[in-house]
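Comments concern the structure below.
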């Protein structure tokens, strides 16, 4: 019994091993929320991935191998993410995972990444301090965002008192907690901090609290599109006109919000209006490839694009797709993309970024008001 | 040999599961093994939903909350206290106790006398929402929306996890299988079919449901603990309402009220979802939604029973009947004593100033036109909350505000006007339910012997029901159903028997036989029988005393001759004025 | 003052959102779990109306008509076979909700859509500046309540409906087509649902899940209200006030659960809810 | 030849598998009043429920005014100029007297007009039109039931034990109202009764129902009819 089972197991292991190594393509796994809350931004992420892969293949692939994109739906949640990562790593046998995820999904998936020993480039801004041997992050963390927004409001708008509104989840709380500390450190005062459940849409009580606190400025950090829209509309209809910094709105949503977003200050590492040749080429190529189907590129889809190029650079530097070598190489390479040149740090596993502060115009477009070069990611991880 | 008995103990789907669990790691890909391990834990939760909803009739959206709490017990303890032997024991204990305690509380909140049909369902909706919200607002402690991750957990390899989770699932399924097949387990279906009848058999449906919920809460919590330990992750959505409805969908699609349907169905759906949903998310959701609607409307029994036909059907067995020892008759004063009982709805008085006693050995006929208050009178005798004022005592116990099951405990048996039985149980199972409080049934197996008092055996014989012990109650004729209810009431060995039109729908020979039995009940077995009847001929034959009720009061009582020949009765009851 | 207005406007919104559910539950004791999705459909109707440039006055009529048509279809295909299985009806309508939302997603995509609010800014009332659209919701809710109560109490259809609610067999025995009454009531309920979706869009985002967040609260309110619209009105006022109070004085997260939890407790203590107020 | 107001050909029906009525036939001519008597549990109410479409028929046919209505739904039968007063729960206690009456009308705007004769027969309702029907006494509720039948101006009326539990004076009032209706409109009637005196007074013919079968029938006004019927009804 024991012997046969061993033989069987060995046979199956050999079989599955052979299928993995027989591939002469490089598979990039993109687990992303095609359904659920993230499905608002997921299409833009898939589009930028497709562009990157097309470009790389057109230029001869990576180390001569063709690159293949494998997209899987994670349902925007932890349970779905586990399924998606399991499927990508163990069923599809991808060489690398590059994607944005909710924090819950990322956390749920990390043990699988560890088990599967696959490099993972996380391309979503998040609340920070998530560390894993196999993971690199190329998007912003609160340390980078808060300073830009708070400094601008304090200096240009003379805001001394701030009111913070968030969705009650890890990202909302994480970002606002850091923001609060930053405000207090820089001499400002937080006069109120209120949260609504992620799926909440009635901001009445919070707006009442806001009015009675009468702050100089408002900063919000909500969960994705719907709460942003309902909060924006209700603020507007309640006649709240103080400077408003929004830490969680992408360009597409800002456009959707129409007049409710006009005048809002946003910050990020990517805006479509960034003026550099890489971004212009990127936007032109996206437009050419997707035409009317194009989803507005944003601070999630562009890091995704950058992430794929970072992987390419790392594999080429390492000379193979061997996970350990790739992880080592990822800390050594730098890539220049629409967001400028980005070099991820091998110790902190995050990247210093150039941050932009912009204001939403009446037509929904973003106008960059100020640029903050090479904002440090602060203390994140400490790998050697 | 795979004979009938073995088939019953170990049905084909169980064999399929067993084969899968033993061979799984050798034949399945790593990915499939991974999917199945999680599916095994989900299946346990689905079994709990199936037992609660399919068998007991309690539609719950909230089982996910208990699963989630079990998972969080593991996550929280291992994250904040560390992974040590002591903490494993602590986490395990918490994963059993907390969900059980919350289930108990939810059960207590949901099940009480007079709750509307929707109420438990409403509560089950609120529970996961509240639990999830608490988790979300738990900040660093619960990890809020990110959940907890990266905690140390058991270091089994995949195969070990597979066998462990599969074994756990199969153990739960087999335990449920034996329980549901046992005589005692049929009480769940009895509750689903007819809670009122359960109460009037002396059972406490609310208490049984709360107990069931508590046990299943603990089992579900354990499954959650296993899931968290395996995946190394806990997330708020595990506690959520969305997951709760998914459990219902799995059970509904695969076949509620069949144990193995949801077992196989949940595994299949989870595997299919694992392969399909990541490539066609929207269409997959649409397919699930549409098939869910179609199944609910057209195939309420679900899809799996279409494949395994025997799943949905009970395997009817006719036990051997034996005479049981009958408990001693009541020997105190007045078996039934009603003093100045009145009942009114607001200003409308239905009964007033009813003073009536009944002794052992008496057979009292209660007659009166429709609307005279006969049925209300019966209710006042059998349910402490029914009357507005006055005293009622049964066998020397003041019933106060006692619930029907309490009154039954005092020695009461009540037969309703319409056959009030368990529609989906067999005759033998119905009778065994009726014997529940006299002789606790086995919760592990189906007994081959059914002991009943002699007079019950007599009624079964007269009505021919003794030849139909394995027939399902709903397949019986109207008269047979009436007779079945009568035998169920008598199987309680009551001291005071209330009979509301027991002979309606019976044929003439059957009536004669029943009449003889009623006489025996009173005279030979010294019971106190109260008989509401329209058929004056019948009452006259059997009763020792007749009480005439009119406009909510007792207008006359006396021997059958006195009553039948009185002018008053001719006028108000027979409805004819002599001209 | 602003607090008082918060109470009333919250209650008004709750009433608008739950009245459709009430119409269906009151008449046929069927809980329409697709109500959330139907509210979403109303939001998308508002989106279409805005995009096609139809003036607002026709807009709400259109929203109502769309809901009415969906309701009519759903009643015949899904609800009719389930009248005797009310718990299964909950499940089937829940399935329907999933299907509706997926269909919306397939047509319009997952992202939020832009609908400009017809009325921005504030309105000064007793010296307090308050969101004018929210203020408008108070008279809208009152008119809606009056219209529904008028329909049920003042018209022949209403009396017939009440007759069917009270005693279906008797109603049929005097020539009332109970099945048609239920058909109309369900369609009306769905119509009220889309109308609610249309009305709340200026305060909310338009996305496929916009209505789902309201479902549980609406459901709880209807359960507490029993089967009378007056009861629903009172229930909305009481629980709306409680929700605002809890949100302000405790915290908004608990405030979000306030209605569900308080309603459950209310039902446990007083199973008949507010139906006899 | 004129159609019978009601014609029943060999219907059998019951609840579940139990047959309450066995191949029962009867006919009521235009303007005729037939009373059916029998003890409780003999299937009288079941028969009316079956005729009104509430119970499916296992076999047999039902014709009203010559129209085959065997498989009609209750509300369609009710719209055939037929008025039915059930034995129990026959009025809407939460609705007003006027609502109860006008609900039965196909054209409620004619209420004031059609109410005149009814108000004449039952003056008690004249001032009580806006009172809730549930607040009426038992006898008044039964009168309301009769009034509701009459206000419909039907061709045929079914009454199920309308006199049950009533004072003799109320029974007289109802009997007079029915007599008036027959005199002035020639309405056919089918009444189910236990009160022999009332039944024989208002009817032309009587039928005796026993165990789902008609076992005897005769002329209500014939000599000795009461005694004969009485023999069936008592012991």
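Lettered A, B, C and D in written order, each chain numbered from 1.
The rule we apply is simple: a residue touches a chain if its C-beta (ideal position, glycine included) is under 8 Å from a C-beta of that chain, and two chains touch if they have at least 3 such contacts.
This structure is a prediction, so every number in the text was calculated from the model and none was measured.
Considering the contact criterion stated above, the chains in touch with chain B and with chain D alike are C. When you average the Cα atoms of each chain and compare centres, the chain farthest from chain D turns out to be A. Our note on geometry: chain B versus chain C, Cα centroid distance of 35 Å, whole angstroms. Rounded to whole angstrom, the centroid-to-centroid distance between chain A and chain D, based on C-alpha atoms, equals 78 Å.
Between chain A and chain B, the centres computed from C-alpha atoms are 52 Å apart.
For the pair chain C and chain D, the distance between C-alpha centroids works out to 43 Å. The set of chain D residues that touch two or more partner chains is empty. Among the residues of chain A, those touching two or more other chains are numbered 35, 168, 195, 197. Residue positions of chain C touching 2 or more other chains, listed in rising order: 105, 253, 256.
Every pair of chains meeting the touch criterion is listed here: A-B, A-C, B-C, B-D, C-D. On chain B, the positions that touch chain A within their shared complex are 25-27, 29-31, 34-35, 38, 133, 136-137, 139, 143-150, 231-233, 235-238, 243, 273-275, 277-279, 281-282, 285. Partner chain C is touched in their complex by these residues of chain A: 35, 39-40, 42-43, 168, 194-197, 199-202, 204-206, 208-209, 211, 225-230, 233-234, 236-239, 252-253, 255-260. Note for the complex: chain B touches chain C at residues 59, 109, 112, 114-119, 121-123, 125-126, 129-130, 133, 136-137, 241, 245, 248-249, 252, 282, 285-286, 288-290, 292-293, 296-297, 300. Listing the residues of chain B that touch chain D in their complex gives 369-372, 476-479, 481, 501, 504-505, 534-537, 540, 551, 564, 570, 574-579.
Across the complex, chain C meets chain A through its residues 2-3, 6, 9-10, 13, 105, 109-114, 116-117, 119-122, 129-134, 202-207, 209-210, 212-214, 243-244, 247-248, 251-253, 255-256.
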